[in-house]
Structures are given as structure tokens and as C-alpha cells.
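Next come the structures, one after another.
One chain, chain A, links the two complexes that follow: it is found with chain B in the first and with chain C in the second.
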Partner chain A sequence: MIMKRYLDLIIRFTQNNLSREMEFRENFIFWILVQAFYVGLHLLTINIYFGFADTIAGWTKPEVYLLVGIFRVMEGAFKMLIHPNIVKLPEFINRGDLDFALTKPVNTQFLLGTRYQRLDEAATILGGVGVLVYVYSQNLILFSWASILSILPFSLLGLTVMYSLMMFFVTFSVFLTKMSSIWVYWEVLSKSLRLPIDVYTHGSKVFNGILWPFVIVVTLPAQIILGKMPAYFFFLEIIGCAILLWAVNKFWNFALRHYSSASS
Partner chain B sequence: MKKLLSYLRIYFLDALTYRGDLFLFTLSGITQPIINIFVWLSISGSVATPLTKIEFIQYFILVIIIGTWTSAWAGQFISSDIRLGKISPYLLKPASFVYHQIANNLGEKIIKTIYLLPFVIFLILSFNSKLPLADYFHWISFLTAIIISTLLLFIVDVCIGFGAFWLDDTTAIFEFFGISMFFFSGKFIPLAIMPKIIQQISEILPFRYMLSFPIEIFLGKLSTKEIFSGLIIQSVWLIVAIVIYKLSWSNGLKRYSASGA
Partner chain C sequence: MKQLARNIRLTWVFTATFWQTISQYRIGAVTWIINAAVTPLLMMSIWLVISSQQQLAMNQSQIVTYFFLTVVVDRLTGSWSMSKIGEQIRSGNFSNVLLKPFSYLIEVVSHTLSFKFIRLMALTPIIVTVIAIFGNTLGFKFTIWSSLLFALAAVLGFLIRFCWTSMLGLLTFWLEEYYSIDALDGLIGQVLSGGLIPLALAPSLLGHLIIYSHYRFFISFPIELALGQTGRYQAFEGFVLGGLYLLLLILLNSIIYKVGLKKYGAYGN
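Entry: the complex of A and B
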């Protein structure tokens, strides 16, 4: 019964966002071109790096391509479903509009996290899929069907981690009230995640352990798909996601108790 | 000059209230250079690269310092102000419109410079406190190059913003500008690493003279002759930019319809 109500809400939200998106159909075509260009630029930089070395921090070029493909899919999903909601949160909190969400008969985090969608970001996902298809078609890396299919659950998990990391930063706006530069956190996060974390840590197990929330977004999934990490790490990935989600939820609820509602 | 100084005071105080945001902007500006340092460190460990490990670090620290100092972002605001008819109040004020932009830009830079101090200290230490700038000639040409870079980037940015007099949406021009900077300014990849053809093109185009050129002088990569010819090309581009600025402002104002008023 409750599930049906939530499902209903999601359908309504999507209908609303879709009809808004339909007003800008040409924009979508343009966006696909822009994304194709950016993916090209991204791969070009990687090519320049690999013009000087065969492996970087233990990763070969096709392996980094695969990571880029997975990252683009996750980034697209994040910017389509979560980013548009998260960037509005600080303003909601600052202006006291959070009151309206808190008094609605649904879970607040659900409402705040699903209301808006940027469906044109499907172009970013397509760009990532393009890279994956390229890597697959070039036979640069041997794939099994299982590893291809596993990209989907990994993407969902990666999305959860991105959500948790961003929510962690955004929650601070309850205390700081004025925080208009949320995009900066996303900038820092997305730029540093689009390369293997090993590049920063030189593959050191200790540092990778300390940075685990960042490792499990894209790097670890890519490693498992490539067979560089044993398959049972998949369960560690799930546990890691669960811990992050739980911790951020706790932090959010703690912060809400300090929310002072600017309007009333 | 007096007007400019008093505007500078106002905009400095204005920027002071946004110091937290400015810190975050600086943070976003240093992300990419720092990532680049890590990438090149892990590459140059194993193979021969045109720059040594320490040179890569110094190069990208300089990208952070000089990049922040020469940065300009007035254009984005100018174009939206033109579109929404918001530049009208500035036209009635006793100082030229561009004075406000200059004062705003400098006001921010004063604050941002404070955030840059740790990088400056790190840079000086990395040279064992003995900077590669050999003599007065190099110091003077380095400082001249920075000043011209700052002016050039600022005026080009403002000119792109003026594009809004003719176009509804200037995003595409800014994107195009950003991509050109990517290839030809040395912001992401040092020009010394780039293929020969890109290096040759970049010597003629204005983008190298907005960032890479002063860095190259500082790191002692250029001969006296190259410094001279570089300064001449840089000055020519500055004059071209000023002419375009004058023309687009006077012609643009004739088209300006002050929408919303």
C-alpha cells in the first residue's frame, strides 16, 4: 500500500519532468552532440597520458577507458536523478521552504531526493555506453556476459555512494545556512573520480583503505569487472554502500533537529 | 583613477562578505591542476617525459597561482545583465561600465590571493628558496607578461560577454573559448607535452599568452629572443582585444534595448 503510493509519486514526478523536457526537444539533440564531444576530449587526454607510459598506476589504457565508460554512465544517472534535487536543498533550508516538505505525509528524504529530474542527462549516459561499446568492440579487454551485466548493479551502487557523499556535504547547510556553492563539491568529486583512485595513492593499500568511500564509486567496480579484484569484493561493495547510506541518514536526521525554519 | 579606487574599496568589501564562497571557488579552481600533478607524477616515475617530476609540480602550482591571478569571469554576468536589461543603471553612473567590472575583478583577487599564499610558499620551498628567475630582465619580463595576460584575458572575457548585444545565448562562445584554452593555453596539459603542431599553432593564437607564457618565463624555459618575441605578440593581441572591446561596446550600446525597463 505504502509502496504503491511512493511508486505513484515517482510516476507523477516523471510525467511532470518529461512534459517540461519536451518543451526543449532541440536542446536534447544539442546535448547529445556536446556530450559526444566531451567524451572525445576525455579520451584524448587519456591518450596523451598514455603517449608517455604503457601503464599508469598499474592501469592500462583500455582499462582506464572502461573506467571512464562506467563513470560516465554513473555520472549521467546521478545528474539525471539526484543532482537536480540536491542542488536545491541549501536554498530550501536557507529560505525555510523545508517546512513544506517536512509536513507532507511521505518520507522527507524521498520527497526531496526524487522531485526533480533532468531527463536530458540521458545523453551523458549514452556517451558512457558509447565508450563501453567501443572498448567491447575493440576486443581490448576480454569480457564475460556476467561482467557486462554486472555493470548495472555496480552503477546503482555507485549512484548510492555519490548520493551519500553529496548529501554529507549538503547536510552542512542546515548549520551554515548560507551555502550556495554546492556545485563546487560536485566539481571536485566528479573530476577526481574520473581516474582510477590508484593514480592518487600509487595503489597503496593503506591509502586506498582510508579513501574507501571514493574507491567504491567507480574504481573498485572497474577492478572487479576486470578481474583485478576477486568477485567476493562485490559483497564488500554492498556493505560499504550500506554503511555510507546509514551514516549519512543519521547525520541528516541529527541536522534536522537543529533546523530552525527561517520562515516561521 | 579616484573613481576606480573608491569602486575598488566597495567591491573589496563586497567580496569580503562572500569570502566563504570565494574559498570554495578557489577550491574548485585548484582541483584540476592538483589532479594533473598526481597523474604526471605517476607517469613520469617510469618513463622519460619532457618535464621532470619536480618541474611538473612547479608547473601546475604556477598554473594555480597565475591562473587564479589572471582569471576573469565578468563575461558571464555581463551577458546575462545585457539580456535582462540590467546594465541600464550602470549607464547612468558617473564612471564607465567597465570600471565596475575591473573593481569587482580586483576586489575578488585580493581575497583569493590570501588563499593562494600556501601555494606560493610551497613553490618557493620547492626551488630550495632559490627561484629560477635569474636577473632583473627576467623578473621584469615575467611581471610584464603577467600584467598583459591579466588584461588580455579580462578584455577578451568582457568582449565575449558583449556578444549578448547580438546573440540571445552566449554559452556556445564561452564553451568554444574554454575548449580553445584547453588545447592552447597549457592550462590542462603543459604545451611542452603537446604535439609539435599544437605548440606551433599556440605560439600565434592568443591563448598561450593568457597563461602558459608567464609560466614559461618563470621556469626559465625561454631564451631572451623568445621572451622578446612573445611579449610583442602578447602586446599585439592586447591591442587587438582593446580595439574589439571599444567597437563592440559602442556598437552594442546602439542595439541595446534595455528590456524590462
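Entry: the complex of A and C
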């Protein structure tokens, strides 16, 4: 019964978001073109880098393509479902609108996390799928059903890590008066994840260790799929995700206990 | 002359007002700087890795200097006029601007200048620290001549960028939203301005696109002059091309504004 109610809410939110998007149809279509262009540009820059060297920090061009494909799928899903809600949270807290969410007869985290969607971001997911289809269809990466099927759970885990990292930053808005530039943290995060983390850390185990939340989003999954890391690292990925999610949840609950309502 | 003096005074007053508003959110300025520094840092890392494996047209010191300067030049030439104009048209607030007894551009210029000042201020300690610590390893030697050319190129870059982004903002008269154009412009601009790939390292076709594109003046051209990568004739050629771009963009702004205003339906209000 409760599940049906929540499902009904999600359907209504989606209908509402779709109507809103259709108010700006030109923008919607233009955005889809922008995303297609963006994928092309991303691949072009990778081609230029690999015009100078066959491998960069131990990664070949097809391997980086695979990573880009996976990341675009994750990024698209994140920007479609999670990002529009997370960026609004500081404003809700700043204006006291969180009070209204807290008093509604529905789970607050569900309401705050699902109310808004950016449906035009489907183009980003399709762009990522397109890259993956290209990589496998051209035999740039050895095809196997196991590797294809593992992309879905890895994408879900990566999404969880991205959600946890962004929630960590957003939670500070409970303590700070105004935190309007939360999108900047997403920019930093997404820019850093577009290529293997090894490229920036020069493969240093120390730096990879420090940056482990970044590593487990897409670099480690790509390494496992490519067989560059043993399969049991999948469990490390799950443990890493669980730790981050647990820690952020604790931090959020701690912050909520200190939330004194901006409107009162 | 009297009109010009009035416009300058108004610009100053609005800049001071916007400054007051923006400076309330100082943490925001720091996060913007982090964001501005991330792309150059990441690009620098990639090119450093490649240069450690392969002989490039730029050595490691020049690569570090180039990407350090992109952070500074990007702030110097930066313009926020697209979001200002686009948001006013989108929300319908442009009607209020039209009622005021001065050009809409005065508020837009002031808005951009105040943003620029606060971001440059936030960046200053970082610039000073980097030069103090890494000054000897950075690959540029500023002479009076190169400093002058650099400053001129930065001003020209700002004017071209301001006119370009204002023109894109005015397209909101037709498109009703400016986010997509902003994103597309940002993407193309990153590549053609030299923000991702320095001109010296760009493949032949891309190199030509950068040289003849107006985006070059946003980042690459001032840095080329600072690093002494451009000869006197090429520098002169660059300034002439930049001047032509500026005139063309001023003309286009004027035409698009006049045509767009007839289309304006004051949505929102």
C-alpha cells in the first residue's frame, strides 16, 4: 500500500517535471543536442591526448573510452534524478522551506530526493550507451556478457558514491547561512571523474588511497571490468559505498538535529 | 562627453552596489576559484603525464606556466553578461530595465565588473603564493613590453568576451532560456580558447581553428604573448583580428537588440 503511494507520487512528479520541460521545448531539444555534442567533444579531446602517446598512465584509448561510456551513463542518471534535488536543498534550508517538507505526510528524504527531475539528461545516458556500444561493437574491448552485465551494478554503486559525496557537501548548508554555489562541488566532482584518477595521481598508491571515494566511482569499476583489477575488488567497491552512505547518513541526521528552521 | 561622464558615474555606482551584494557571500568566491582552478589543474596533470612519456612542443615548466596563467587570464577576461541579460529576459524583469533612463548595458557591465573584482581578489593570494614559491621554475620572464602586450590582449579579450556573451544572452528573446546556449558556448570555448589544449600542442586543423576563432582572445592570445610564443608580426596580426571581431560583435549586438526588442513579450511579469 505504502509502496503504491510512493510509486504514484513518483509518477506524478515525473508528469509534472515533463510538463515543465515542455514549456521550454526549444531548450529541451537544444539541450539534447548539447549533450550529443559534449560526448563528441569529450572523445575528440581524448583522441588528441592519445595522438601523442599510446598509453597514458597505463590506460589505452579504448580503455579510456569504456570509462567515459560508463561515466556518462552514471552522470546522466545522477543529473536526471539526484542533482536537481540536491542543488535545491541549500535554498530550502536557507528559506525555511525544509519546514514544509518535514511536516508533509511522506518520508522527508524521499520527498527531498525525488521531487525534481531533469528529463532532458536522458541524452547524457544515451550518449554514454552510444560510446559503450561503439567500444564493444568495434571490438576495441574484448566482448563478454559478464562485463556488459556488470556495468549496471557498477553504475548503481557509482551513483550511490556520487550521491554520498554531494550529500556530504550539501549537509553543510544546515550550518552555514547561505550555500548557493553547491553546483560548483558537482562541477569539481564531475570534471575530476571524466578520466581515470590514475592520470592525475600518476598511479601513486598514496594519492589513490587518499582519493578513494573518487576512485571507486568509475575508475575502479572500469579497471575490474577490464580485468586490470581482480574481480574480488567488487566487494571492496560495495564496502566503500556502504561506508560512505552510512557516514553521510549519520552526518545528515546530526545536522538535522541542529536544524533550527530559518523561518522561525 | 557629458553623457559618457554620466554613464561612467552610473557604472561606478552600480558596480559598488553589486559589489556589496556579492561580497556578502565570500565563501562563494572561494568555491568559484576552486572551480576555476580545477580544469587547468586537471589539464596540466594530463599534459605533464604525456610530456613525461613523449617529447612535446612545450616542456614541463612551460606547461605548468601555461595552465597557471589560464586561471588568471580566464578571470581577467571573464564575463557574466549572458546570465545577467538572459535571466532578465527570461523572467520578464527586462521590462523594468527598459523603463530606466539609461542603457541596459550599464547594469550588465557593472554586474560583470563586480563579479570580476571579487573573483580576482579571491585569486590574488593564490597568485602571489604560486609566484613566490614557484617563480623561478615558471617559464615566463615578464618584460615591460610583454607585460604591456599581455595587459592590452587581456583588455581586448575581455571586451570581445563581453560582447560575445551579451549577444548570446540577447538570443533569449527567441529561445526563452539561455542555459543550453551557455553550456554549448562553454564547451566550444574550452577547446577553441586553448583552455584544454594549448595552441602549441594542438593538431594542425584544431590549431587553425584556434588561431582564427574569437575564443582564442579569451585565454590563449594573452598567454601566447606572455610566454613569448608569438612573434611581433603575429602579435600585430592577432590584435588586428581581435579589433575586427570586436567591431563585428558590437554591430551584431546592436542589430540583435533592436530586432529582439520587437519580439520581447515580457514573460513572467
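The definition used in the following text is that the second predicted complex is superposed on the first by the 255 of 264 C-alpha atoms of A that agree within 3 Å, B and C clash if a C-alpha of one lies under 4 Å from a C-alpha of the other, contacts with A are read in each partner's own complex, and residues count from 1 in each chain.
As a convention for this text, contacts are C-beta pairs under 8 Å (C-beta built on N, C-alpha and C of every residue); 3 or more make two chains touch, one makes a residue touch a chain.
Just so you know, these numbers come straight off a predicted model, no measurement behind them.
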So, after the overlay on chain A, do chain B and chain C clash or fit? They clash
| query | Once the shared chain is lined up, is A:188 touching chain B (first), chain C (second), both, or neither of them? | reply | both
Comparing chain B and chain C in the superposed model, the one touching more of chain A is C
For this session: Go through the superposed model and pick first if A:26 touches only chain B, second if only chain C, both, or neither.
Result: second
_Let me test your reading of the model: by the given contact rule, A:202 touches which partner, first (chain B), second (chain C), both or neither?_
both
Going through chain A, the residues touched by chain B and also by chain C turn out to be 34, 41, 45, 48-49, 52-53, 55-57, 178-181, 184, 187-188, 191-192, 195, 199-200, 202
Seen from chain A, its contact residues with chain B in the complex are 34, 41, 45, 48-49, 52-53, 55-57, 178-181, 183-184, 187-188, 191-192, 195, 198-200, 202
Residue set of chain A touching chain C in the complex reads 24, 26-27, 30-31, 33-34, 37-38, 41, 44-45, 48-49, 51-53, 55-57, 176, 178-181, 184-185, 187-188, 191-192, 195, 199-200, 202
Note: in the complex, chain B contacts chain A through residues 20-21, 24-25, 27-28, 31-32, 35, 38-39, 42-44, 46-47, 49, 175, 179, 182, 188-189, 193-194
Chain A partner, complex, touching residues on chain C are 25, 27-28, 31-32, 34-35, 38-39, 42, 45-46, 49-50, 53-54, 56, 175-177, 179-181, 183-184, 187-188, 191, 196-197, 201-203, 206
